[in-house]
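Look at the two complexes coming up: chain A is in both, with chain B in one and chain C in the other.
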Partner chain A sequence: MLEVEGLTKYFLSGMIRKRRVKAVDDVSFRIEKGKTLGLVGESGCGKTTVGRLILRLIKPTGGRVLFDGIDLLSLKKRELRKIRPRMQMIFQDPDSSLDPRMKIGTSIAEPLKVHGTIPKYERSQKIRELIGTVGLNPEHINRYPYQLSGGQNQRVVLARILAMNPDLIIADEPTSSLDVSVQAQILNLMKDLQREFDHTYLFISHDLDVVRIMADQIAVMYLGKLVEIGETRDLFDSARHPYTQALLSAAIRPESGAEGRKRVLLKGETPSPIDVPVGCRFHTRCPRKGGRCVIEEPKLVEIGGGHRVACHFI
Partner chain B sequence: MKRHDKHNSRVMGAVARVRESRSAMLGLTIIVLLVLMAIFAPHLSPNDPTDVRLGDRLISPFTESKYPLGTDHLGRCVLSRLLYGARISLAVGITVVGISTVIGVTLGVVSGYYGGISDSVIMRFVDATLSLPSIFLAVVIAGMLGRGLASVMIALVAIEWTSYARVTRGSVLSLKEKEFVESARSLGARDSYIMARHILPNIIAPVIVVATIGMAYVILAAAALSFLGFGAQPPTPEWGAMLNAGRVYMRTAPYLTILPGFAIMLLVIAFNLLGDGLRDILDPRRVVVE
Partner chain C sequence: MSSLEILDLKTHFPTPDGIVRAVDTITLSIRARETFGLVGETGCGKTVLGLTIMRLLPPTATVEGKVMCAGRNLLEVNEAEMRKVRGEEIAMILQNPTTSLNPVMRVGAQIAEAIQLHQGLNKRDAKEKAIEMLDAVKIPSPSGRANEYPHEFSGGMKQRVMIAMGLACDPSLIIADEPTKGLDVTIKAQIIELIKKVTEKKAMLLITHDLGVARELCDRIALMYAGELVEYATLREIFEDPLHPYTRGFLGSLPDRGLVPIPGMTPSLIDLPEGCRFHPRCEYATDVCRQKHPEMIEVEGGHFVRCFHARS
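Presenting the complex of A and B:
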């Protein structure tokens, strides 16, 4: 369904001496139809950039994105606009995802209007239908986003996305600005919708507990690179990369089945993506660092069952 | 402050807050009064503003009921000329600000939305205009185009549009980063659609503020240019030109300069008060937070 190969994005920063910021470096993964890949990592590791690159909201420096066999990066502006409705993004902040000067109903109708998929007289019927699907009342149609709560606005965003009938949905921390109880509601809604419409999700988050519920597969990113990827259960039960282990131990909760797991503490700060460490990017903070890590960058290696790890000590 | 009904639309909320802002309310009241005076000038004026009566020269104000505010050096009724002058000042202000807004907002949106070369070209133009003293530039342009109100208006538009372009560009730059614009893009909407439906409605507030304060500047500048002899030509009753004509009689008939000067001041202050009030009311931060 979605195949990402060697996706790379360098930003140039600085006025006179241009320096490359390696936001995303050689990221590859694939998601099957109807499945969810959870992309985790700390803030600034490039996970949001990956989402935007896939949708081509920004242009990648290199790599390929195959969507249903179509190479998105080779498409012309017009062809891209045609295919866009099939891939949608949910953003972190529901309040700025909606135009503050547009009524809820108008926002939901926008995709229908832009693509002219449904004749005008059927639109209001369709809006009512969508608003019911996401659990809102018809009376919300004439409200403005600032009159709704964050959770309600995120439902509006979902309704808007459903209007386009997409195949792929990239959710960029869709619940991290919501209360915990509302989070659960939105996550359940997203799961229900996935089951009903066979959506494929790329679920970006820093919250391992959320990802654990949502994802079939998990990919862990550090400083623009994937360090480990595998089935959700494999990753939670037998994480191999020291960074993944540290993340899991930080997210310790009784139900995570991690009582016996040793707490892995990381020293220091994440290095700046302008000065990516030579060799393994993680060596500055790695508890298992060896001589080889400073010189040679480890490749993602398959260790069975689709579980791949980028570490010299596996 | 009184809490507003949550179901009030944003615009109604803004109108209600104008009532609460004293300075905006005062400015608005003066403007409305002056506009009414301008509209009904033919009915309110006791005399024809261009009627020369050499027998009634330089009559002081409040001395003859036929000329409530006296007469000038050609025996023309000062009150009538002031009333008709309001028409000219307001018409010049509205025309110049209107055209400047259209030009400035269009170029500002293009500049901010597309960036790149068009942005550089437009913004260097704006910088170049802003780097020169504006009234000096207006004098040069008006001088090249010849006398008359039309050339004054063209000269003022040439300067005024830059502030609209700058304000618009700034707002567009920050809007462009908002998720709802990105989500409209990922929906497959055309650039023209995004600009018309998402960008424009969200930049109206700052543009209104700039336009209101711009009105004050334009009216003052138009009067200044007329004072210098570029704008309205005799016998047109224009406040700046009246000021210039009365200058010679400053010692013997000071009301000939004081009255038009006061009229200019009143209109300019009114627009400034309204603009300042609107700036507070329509502050984009307040609009977003709410």
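Presenting the complex of A and C:
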């Protein structure tokens, strides 16, 4: 369904002395139809850039993106426009994803109008249908985004996306601005919609607990590179990369109290993507660092069942 | 010995659309050296409660009740004395350090300012103390970093600066409002460990929406919903034997507890439901819940809950 190969994006930074920021460096993965890949990492690791590269909202420096066998990066503008409705993105902040001066109904009608998928006389019927699918009432059609809560607005965003009947949905932290009780509503809705319409999800998040529930496969990113990827269960039960292990233990869960739990506290902070450390990118913070890690960059190695890890100690 | 006692506190904001009951008849006490967690969702009034204690509200707010600290009611002391209370007796660590720090002032000078003001030290000694504080919150090479500006610090480092500032004048109570908001998980873990260490001998009111953080730091927890407390008890009781349907729903909606959402949404603080404020979203609601407003009752020693059906 979606295949990403060696996806790379370098940005140039600085006015006089241009320096390369390696935002995304040689990222590869594939997602089967109807499945979810969770892309996890901390702020600035390049996970959002991966999402934007796949949709070609920005141009990659290198690599390939195959969507249903079509090489997205070789498409011309017009061809790209035709395929865009099939790939949709949902963002973190629903309030800024909607036009504040547009009524909810008009917002949902817009994509239908632009892509002309449905004749005019059927549009209002379709809007009612979509509003119902995402769990809102017809009375919401004539409201404005400011009159709705964050959770309701995220439902409106989902309705807009469904209007396009997409195959692939890239969700970039779709619930991180919502309260937990509302987050649960939206995540459940997204799962139901996936089951009903066979959507393929790329679910970008920093929250491992959320990803665990949503994803079939998880990919962990650090400083632009994948460090570990595997089936959700494999990753949670037997994470092999020290960074994944630290992330899992750092996640603060109500379930595992302070008692009887050892936390791997990482030293320091993520280095800047301008000065990526030589060798393994993680070595500056790694509790297991050895001599080889400072010199040689580890490759992603398969350790069975699609579980791949980039670490010299595997 | 309690460090702070809040009695029947009400903070209301009159607006053209009606009265916003942000804090409604809250009573609680924070003991010396304890960490008390105030947990609730967006708009439940938890931040307003913190600001009410510090008297940092806009003049339009109307406040009733008592905030007792060291034998006097903070709501009645004059502004000059209040200024001394802030920082010396009670310090507040605000959420979002990026907007709380002065962007055009060196970090060391910002911390020194409070020290100079409260402890009467001269400029050089205050700076020395500021560097000491930066060191205490584990900022590497503190004397160099003290001369930098906030934009040169990362989010986690800025939060450390905020904590250093809060601790600078050695207050007996710290109010921390979402101190880990917006931080990455690995950095969040570092900040929690730091807070745990530096507040060991102090009382703290931790305001958060994150039960995970509360579980790491608190001795007792209060759940706040629509302007009022609905349950409070020890950490263990809240997690193992939650009695209020909202507390149960809140726990159940967490990703690692099954992700079962609470239906509906939080009511507006202007237009609160009749009877129990939670009844429109509560699966156990009966006629009495729709008509009468439940009082806080003590079900066991120190375990309070506001529900007609708790333990029945």
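The criterion applied here is as follows: the second predicted complex is superposed on the first by the 303 of 314 C-alpha atoms of A that agree within 3 Å, B and C clash if a C-alpha of one lies under 4 Å from a C-alpha of the other, contacts with A are read in each partner's own complex, and residues count from 1 in each chain.
We take it that a residue touches a chain if its C-beta (ideal position, glycine included) is under 8 Å from a C-beta of that chain, and two chains touch if they have at least 3 such contacts.
Please read these numbers as outputs of a predicted model, since none were measured by experiment.
Undergrad: For chain A, which side has the bigger count of touched residues, chain B or chain C?
TA: Between chain B and chain C, the winner on chain A residue contacts is C.
Undergrad: Which partner does A:K59 contact after superposing on A: first (chain B), second (chain C), both, neither?
TA: Touch status of A:K59: no partner.
Undergrad: Output check: A:S181 vs chain B and chain C. Expected answer is one of first, second, both, neither. What do you get?
TA: second
Undergrad: Looking at the overlay, does A:A251 come into contact with chain B only (first), chain C only (second), both, or neither?
TA: second
Undergrad: One more residue to check, A:V210. First (chain B), second (chain C), both or neither?
TA: second
Undergrad: Touching A:K76, do we find chain B (first), chain C (second), both, or neither?
TA: Once the two structures are laid over each other on A, A:K76 reaches no partner at all.
Undergrad: Does the superposition put A:K18 against chain B (first), chain C (second), both, or neither?
TA: Touch partners of A:K18: none, neither chain B nor chain C.
Undergrad: Same chain A residues contacting chain B and chain C, which ones?
TA: Common to the two interfaces on chain A: nothing.
Undergrad: Which chain A residues qualify as touching chain C in the complex?
TA: 42-43, 149-152, 179-185, 187-188, 206-210, 212-213, 246-247, 249-255, 257-258, 263, 265-266, 269-270
Undergrad: Can you list the chain A residues touching chain B in their complex?
TA: It comes out as residues 55, 57, 81-85, 87-89, 91-93, 96-102, 110-111, 114-115, 144, 146-147, 157, 160, 164.
Undergrad: Please give the residue numbers of chain B that touch chain A in the complex, ascending.
TA: 6-7, 9-10, 178-180, 182-190, 193, 197-198, 201-202, 287-288, 290
Undergrad: Spell out the part of chain C that touches chain A in their complex, as residue ranges.
TA: Chain C residues touching chain A: 41-42, 154, 156-157, 184-190, 192-193, 209-216, 239, 249-251, 253-257, 259-262, 265-266.
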